[in-house]
Each structure stands twice: as structure tokens, then as C-alpha cells.
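Please read through the structure below; I'll follow up with questions.
Going by the order they are written in, the chains are A, B, C and D; count residues from 1 in each one.
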Amino acid sequence: MIMTASSPSHWSSAVSDITPEDVYVRGYSIQTLMGSLPFSAITYLIVRGQLPTPGETRMMEMILSSILDYGLQKSGTVAARAVVSVNPQMTAGLGAGVLAAGEYALSPEGAGCFISDTYKAWKQSGRPMQEASKQLVAGLHAAKRRIPGFGHPVFRGVDPRAEKLRIAAVEAGVWGETNQWYASVHEAFRTATDKPDLVLNDVGMLAGIMTQMGFTPQEMAGIAVLSTIPGLVAHISEELQSGVRNRIIPDQNVAYARARHDLAADMKARGWS
Amino acid sequence: MIMTASSPSHWSSAVSDITPEDVYVRGYSIQTLMGSLPFSAITYLIVRGQLPTPGETRMMEMILSSILDYGLQKSGTVAARAVVSVNPQMTAGLGAGVLAAGEYALSPEGAGCFISDTYKAWKQSGRPMQEASKQLVAGLHAAKRRIPGFGHPVFRGVDPRAEKLRIAAVEAGVWGETNQWYASVHEAFRTATDKPDLVLNDVGMLAGIMTQMGFTPQEMAGIAVLSTIPGLVAHISEELQSGVRNRIIPDQNVAYARARHDLAADMKARGWS
Amino acid sequence: MIMTASSPSHWSSAVSDITPEDVYVRGYSIQTLMGSLPFSAITYLIVRGQLPTPGETRMMEMILSSILDYGLQKSGTVAARAVVSVNPQMTAGLGAGVLAAGEYALSPEGAGCFISDTYKAWKQSGRPMQEASKQLVAGLHAAKRRIPGFGHPVFRGVDPRAEKLRIAAVEAGVWGETNQWYASVHEAFRTATDKPDLVLNDVGMLAGIMTQMGFTPQEMAGIAVLSTIPGLVAHISEELQSGVRNRIIPDQNVAYARARHDLAADMKARGWS
Amino acid sequence: MIMTASSPSHWSSAVSDITPEDVYVRGYSIQTLMGSLPFSAITYLIVRGQLPTPGETRMMEMILSSILDYGLQKSGTVAARAVVSVNPQMTAGLGAGVLAAGEYALSPEGAGCFISDTYKAWKQSGRPMQEASKQLVAGLHAAKRRIPGFGHPVFRGVDPRAEKLRIAAVEAGVWGETNQWYASVHEAFRTATDKPDLVLNDVGMLAGIMTQMGFTPQEMAGIAVLSTIPGLVAHISEELQSGVRNRIIPDQNVAYARARHDLAADMKARGWS
């Protein structure tokens, strides 16, 4: 509501610019980029603003391949397919699907914020890593605060997807102090909670690696969404071709209140004449 | 893709304008409108660009009350609740919910297009209504084209909601030639298909009345969505308070293909070295 | 990512339920509701779960009339019109428009959280209102924390829209201790910051009144969005009828970086062979 | 509205399925896919349901690199940045951005429908290609129907991006009869309209190549959206870091009607007492 004529209408952008003959993405001609770099490298270029190394590109491929799809056990897929069962438009389904990433699934944003905030605080403190991570965990434990990126309902000791990501990051040369800090917090947490098998899960690993690579937490959320778009396109296409209309939840899966009230009597009781 | 610097950046609008002290909606001060007209009348004013009569206002109230909600048998509700079970934001849920109105449910747009297009064609033809509607139905029937707004899985003869809307429209003085034309098409269709009990359903009735009131088919879609927003807000709030996370479709409701392939062998077969 | 077969697929709902002949909203037949209650009252019923009094209904009308529209000085309108200038679908435009309410505009959610949280804390403290509000303000001031709902770029002393809402709330019998608490915080803030003219603005007033009426902060966000839907429908319809395609920001309003780089040289420098 | 308990609640899917230890995408373990195939190949696999050849993968890379971004001359970017200037959430911006692809820009869907529909009709006719394309163009020209994918505001003779895509398709072994058919229609159109310099543009070329590769028109729309996600992530991140709030259209770019009416007088005239 509180908006006035002084609200901003001037923009600035370094992402891309256009000439009559070409488009320049971060200063590189699209016509030159086409065929020179894989899409994963171009993704890094557009978002981070600089060319990736081959190692960073391999890491981007791994990151973009690690989420992909989760059948109908993914809420965004349910939302996307429900939408196109009424409104058979690809973009409508994608619009619903991308909204279903956030606090409770699919987004490394929360873990990314935790890692970068605590990493910065540790660096400013000048204290030894192990000591600082122990104290951090003790404080969070006392305050009953959750640490994002730890735990998994099935995996114990090691989350195999997280381990693949870790190995790839080391090989690609994008493993660094941020990751060591987060691993140290993980170790301190296992000790403090006496859960030696608690894994550092795939979301946590993704967040740690992307923090080290220089992505902001919000950009991490965007890249996680990007990795799920092909699956959403596939599901929406499958739904459109299924011929099923108006997806619903069957009555046996719903506990309805099924109250019955008398409108006239209740209106009178509430003061309507 | 084909966008150039000549693409439009100049706008014109008659919906509202702002001064430092007030906002004017269709020329009326919001501070004056507040408390002078019900929300249904203001909806008519903003969309149609002129003040409604009291009769048109009563009709708007009826229209906005006729859809409302459909439990978990409405795809948009499923989509909205699925989204907020991951991303607990009211606007994210609403964003998904409003996308689930379209060709297969909830939108009078298709019926509105049919009525206004065929009505215009009939008026230009100068022929008697009954004769023209018979011929139209015969042509559509021969071409196996569906006519929107007819039929219901339960109701026979009369759809009681449609009947309530019709009576309200007559009382409110918004029943006119457009409605008579559509009723004539309905009658011709019942005769041609030998289905004397086939109802003119609520969506068809809504579309006919809103056409007579001067709304465009796209505006009808918008008003239908508007009538479902309170229900979406209620469902999203209920979902947020439920504490349930990551809504999914249970495995017993899904037939998964569950194929298993050997990646290395298949890559070799497809030409990867 | 961390989703398993134990993720929930069972639902419960008290919003509405369906029988073959009718739909029951909070226990009331839709066919009975149609024509018996204005849309504003039905909105209250669906969201709050109980019939409003006539006074609560008048208040809902005021609330739903207080935001409405803000020309092209509203980001959601810009987003909605930009979307339909490419994808000419009413629901696509509405989907974009409803996403543009949140932390920086249009949503009373932040103010609603502040009011209900601080009100509860005060009630639990058992201390006098004035003393508690002074101390709260002092603490927030020291921590340089913002209090939502105060201030306006133009209005001094009183925000006339907020004042209309306040008078309506008193008349409708929905003014209560929550509002007094927030007014007391406002008074304490004016004194502490030595800004005797700082207004309690319309968003703050809306949040206070809706808190008193029993809405959750998330529901307030939904109702604020609801009040803007008619304006969005009008703007989208105007855009669709304008014939303008591909809305853009004109080059004179954008500062582009316009860097130019040599891809081959930079790839070599980054380790690509 | 017309939904009943018989509406579908049973699903089937061949996109992916889940076991406690892994996720299988089109039958391939995600843990095996990670690092084995580039993201572009995985995109093809998920959407088309089978492994791509290396040639098809190179083509996917080209397709995904050909749209990318268009500065602030792209309506979806304007919508996405406008949304997050109010509601600073990555997914909210992406939700708005993906809705801004459709009939007037960014989507090869229309061209894809045209190509596959006319190609099928030609194959069924059994007539020579050149003769059939001439007759098709003559019919469309007489009916004043537009053919999608032809023309560009700047390029004459050849659209360089389209030419890069064409060369890549031939090299990748994904150039076939569908493309020849569309080129033949293009040639016939140039002759019939006496516009020998009219280009077959990038959208048309993308649609032709993706049709040949077996994508449905709706899947093409999804892949075009996918190619723009990295740019949207970059723009949304830039906007979030800009600190600008509440993006608007400046008054000098808007022609407001600025009518002023007297509510009391007009209500009386419209029958309100």
C-alpha cells in the first residue's frame, strides 16, 4: 500500500544486453556461446557472472543431476499435474511446480544460510575450527534449534548421494574451507547428540558445495528448482497425454468434518434480522 | 525471442490512478467508496468500468456465491495445499490455486465465448431465434462439436443452482436476449439429441448471465477465480495449521512403471564410447 | 529431497464437503447461502469457520474495499500485465499478480505477527499496558528493529484510510484490547522517537483489526490478496484488449553493464583446452 | 464445478519411481546417472523416455543455449523482478517468470503444432512435397492465416541463430523429413508473398528440430522455459541484491484516464437510495 511516485522505475542489469544482431550474456555473444559451452557451464556463467573452469562445470553437472525427480512423492509434481488436469497448459503446470520448493523440501536455501552465516562468524572470531564448531553446536542444542542438512530417514553413517557429491567436489577442485567448517559442525553435532551414524545429507552437501562455489542461498534455491524442471516437463506431458481430468483426493483419503447447520437459525442467533 | 527495442514500454490505463492523498478507482475516490458500496459492487465497478445498479449488485453477490469451494474434489485446492506443504507461504499456495481454472473446470470462459460468438452471428443473420438455434445445433452435432454448459452427472431436468441463478437474474433485471438465445440453443440441443432431461448447468448459466451483463469471457474466468479465493485462503490456512509436510500421492494410488535398465550397456548401444 | 513413503497422503478438512446434490461450506448448504449472505460475509464464514455478525460483515466490506488497486504503481499489476502480454490467459496473469504481495508491500502479515506475538507476551506478563509498550519500544529501538505498520510518505498525524477503518471497527463492535495494545505501542513509539506526527498506517490498522477479529497473519495476507483480485482482473482484461505484446522496460530506464568479452581467450584462461 | 466422486484419483507414471535407497529415472538409478551423463542428456532422457545418442545430446545443448536471456526486453524477466521487489522469494519470482511464455513469445509450441499437423496431413495425402506445400501456403494466404516461425524485425535472408541450429542438427543427425517439409513451406511462402528475404527464424527452427526429435509441442514449450531458468535465477538474484523495492511503471510512461466522478450523484442515478 505505501507506494508513491518515488518508487523505483529505473533498473540496472549486468546479466545480458541486446543489440540488433545478437544478445550478450555476461558480455559473451550468445551466438558464440552456442555449441562452445555445455548448458551447465552457461548456467554457472549467467548466475555467477564469470566463466566456470572445467572442474566447476563438472560440479554443476553433478549438482543438476542430483535432485531431478521423485515420482508422485514430490509435492510439486502433484501440484503441477493437478493444475494441468484442469488447465492444460505447460506453463501453468510449471508455474505451480516451481512454487513447491521451500522450507520443508527441495531447497538448499536454509542450509546455505546456516553455512554462510556461521562460517563468517567463525572467521571473524579467529578461533580454532573444532572449538568454534563445538561451541556453536552446544549453543544451538541448548536453544533446541535445528541444524539444516543433517539426518535421513533411511541412510546411516553416509548418505551415498552426498558422498558422490563430496568426491566430485574434491576432484573438481571446489572443496574448501566452507566445506571443512560444515563437516566440523556435523562432527560436533554427532558427538553432542551421541548419534555417531547421523548423516550429512544430500541437501546439506549441496548447500555446502554451492556456498564454497560462491552462490548465494537464494541462487541455490533457484538451481535446485532448475534441476527439477526436466522432471516437471515430463510429468506435465505425461499428465496431458493421460486424458485424465480434474485430479482430486479420493474420499477415503480425507476425513471431512461434515457438520450440518441451519443457516436461518444461526443467522438469527448472530444478530441478522 | 523475436523482441526488439520497438517492443512497447508505454502503457495506458483507465482502471485507477493515484494522487498523493488518495487513489481513484474508475474515477471514484477509494476513501469515498469504502463503506458506500459492497465489495461485490466494487468488483463490478472496477472490472466493467461503471457503477452497478442495486440489481446488478445482487446478481454479483449471487455469482460470487455460486462456486466458492469443492473440498478436496477440486484440483486447485489439491495444488494449493500441496505447494504450501513444502513452501509455507499463503501467496505461493494462492499462486498455484488460481492456475487450476481452465478448459476442464471452474471457468465459464469457454461457454462465454460460445454464447457471445453464436449470439453475434445470429443477430447478424437476421433470422428467427428458434430456426437459427436449430440450425446451429444441427451443424455442431454433425461436426461432433461439444456445446459448453450443458449436462451434469447428477442433476436431471433442472440444475438447482442454475435455476437459482436464473431466477435471481430475472429479479435483478439482468436477464435478456443473450440468455434467451442460449436457452433456445439448449432447447434445440435437447430435441436434436433426444435428451429431454439434459440440464443447462451452473457454469453455462453463469456464462450466459455474465455475457448479458457485459463481461468478456476472460473477465468471466477472473470472476470465477475470485469466487474461489476465500475457499483457497481457508484451505491453505488449514493446511498450514495441520503441521503436515510434503503432501504426496500414496503408492497404492499410483501405478509406477518401475522399469530397470543398465545405464552402461544402454549408453554403449546408443553410441557413447 | 528427504521424502519417504511415510510422507503424508491422508487429509482432513472442515472447510467444505460434497454430496451428490449440494456442497456444504462450513456445514451450510451453498444453495442456501446463495442470496442469503453477501460475499464478504461468506468470506468470513469460510475462513473463520463461523457466521459473522452484521457488524463483522460491515467490517469485512470495509477491509475488502481498502486496498483494491494502485494503478501501475503496484508491482503485482506490472507483473500480471507483463505476463499476459506474452501469454494471453487470465489465470496466468492472476498467478503472477498474487505472488507480488509480501514483505515489502500489500501484506498485513508482518504487522499481524508483530501484534499477535507482542500482545500475547504482554498478556502473559500481567503488567500494565502503557508500561509494557514503553519497554517493548525501548527494546526494539535499542536493537534497531523496525515496527511494522507505522509511518507513511505523505500522511502526518493521521492516515485518513486508517482512521476510516478505525471508526468502522468501533461502530462494528470489533475494536478491542488487541487494538488498544497496538495503539499503545504506537503512542510509545511516537514518544520514544520524538516523532509525534508519525501515523499508524492503513496496513497496520488492517492488521490490528483483523487480529482482533481472529484471523491468523497468513489469513490476513490471503484477504489482502483477495481485495486486489478485482483490480487485477480489470488490469489483465485491459491489457488483453490493448493489443500490446511483449511488455518491456525501455532502454532509457535501464543501465546495462554492456561488457564485451572474448570467449575463446577467456575459456583458455579458465583451463578449457 | 461439475466434479463428482468419480473424478480420478488414481495415477500412473513412467517418469521415475522411488525405493528406500535410490530413485530410478526412466529405469536408471539417479546415483548411476550422476556424473555419467550431462544435464542436457538427462533432460532428453526424462522427457523423451529414452537415452539420447551423443548427437542428440549435442543438439540438446544447442537448443538449451539458444534462448537463455534477453535483458529487460523480456516480459518474463520484468514480471519476475517485479514480483521479488515485493515478495523477496526466489520461487515466487520463478513462478511469475515461467508464466510469461506463450502465444506471443518464447514458446515454440505454436510452430510445433503447425509443423506436426501439416506434416501429418501431407504424409497422409501422398502428394509431392513441393506441390503440397504450395497448396498449403495458398490456402493459408487466402484465409489470411499467419504461419508461425517466419520473419524477423532485423535479420534478412538468414537468421544466424537459426542457421547455427540447422547446421548443428545436420551434424548431430537429427535433421529429417519434418525439417525438409517445413523448409519447403518456408520456400513456398517466400514465393507466394514475394518476400524472398523473409527468414525462417530461430523459434521456427527450434520447433522444426524438436518436432523431428520427437518432442510434443507442449514439451517444446517446457524446454524453452527450461533454457530461460538460469537467466531468471540471475535476474532475480540481481534484483534481490539491488535493494530496490516495489518496482513500478513511472508516470511519464503511463497515460492514465484520470476521470473524476461524484459517487453520491452517480449512485442515485443508478438507482441506489
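Rule of thumb we're sticking to: a residue touches a chain if its C-beta (ideal position, glycine included) is under 8 Å from a C-beta of that chain, and two chains touch if they have at least 3 such contacts.
Nothing here was measured: the structure is a model prediction, and the numbers come from that model.
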| item | value |
| --- | --- |
| For chain A and chain C, chains touching each | B, D |
| Chain pair equivalent in interface to A-C, over half of contacts matched, among A-D, B-D or C-D | B-D |
| Contact-richer chain pair [B-C vs B-D] | B-C |
| Copies chain A and chain B touch via same or different residues, half shared test | same |
| Centroid comparison with chain A (C-alpha atoms), farthest chain | B |
| Whole-Å gap separating chain B and chain D, where each centre is the average of the chain's CA atoms | 25 |
| Geometric centre distance via CA averages, chain B-chain A, whole Å | 33 |
| Of all residues in chain B, the ones touching two or more other chains | 3-5, 7, 9, 11-14, 17-18, 20, 33, 37, 70-74, 85, 87, 89, 91-92, 95-96, 99, 101-102, 105-106, 154, 245-250, 253-254, 256 |
| Chain D residues touching chain A - in the complex, by the definition given at the top | 3, 5, 7-9, 11-18, 20-21, 23, 25, 30-31, 33-35, 37-40, 42-43, 46-47, 49, 58, 60-62, 64-66, 68-73, 81, 85, 89-92, 94-96, 98-99, 101-102, 107, 109, 154-155, 160-161, 164-165, 168, 216, 218-219, 221-223, 225-227, 229-238, 240-242, 244-251, 253 |
| Interface residues, chain B side, partner chain A - complex | 4-5, 18, 20, 71-76, 78-80, 82-83, 85-89, 92-93, 95-96, 99-106, 245-250, 253-254, 256 |
| Chain B residues touching chain D - in the complex, by the definition given at the top | 1-7, 9-14, 17, 24, 26-29, 32-33, 36-37, 51-55, 67, 70, 73-74, 87, 89, 91-92, 95, 99, 105-106, 151-154, 201-203, 249, 253-261, 263, 266-267, 270-272 |
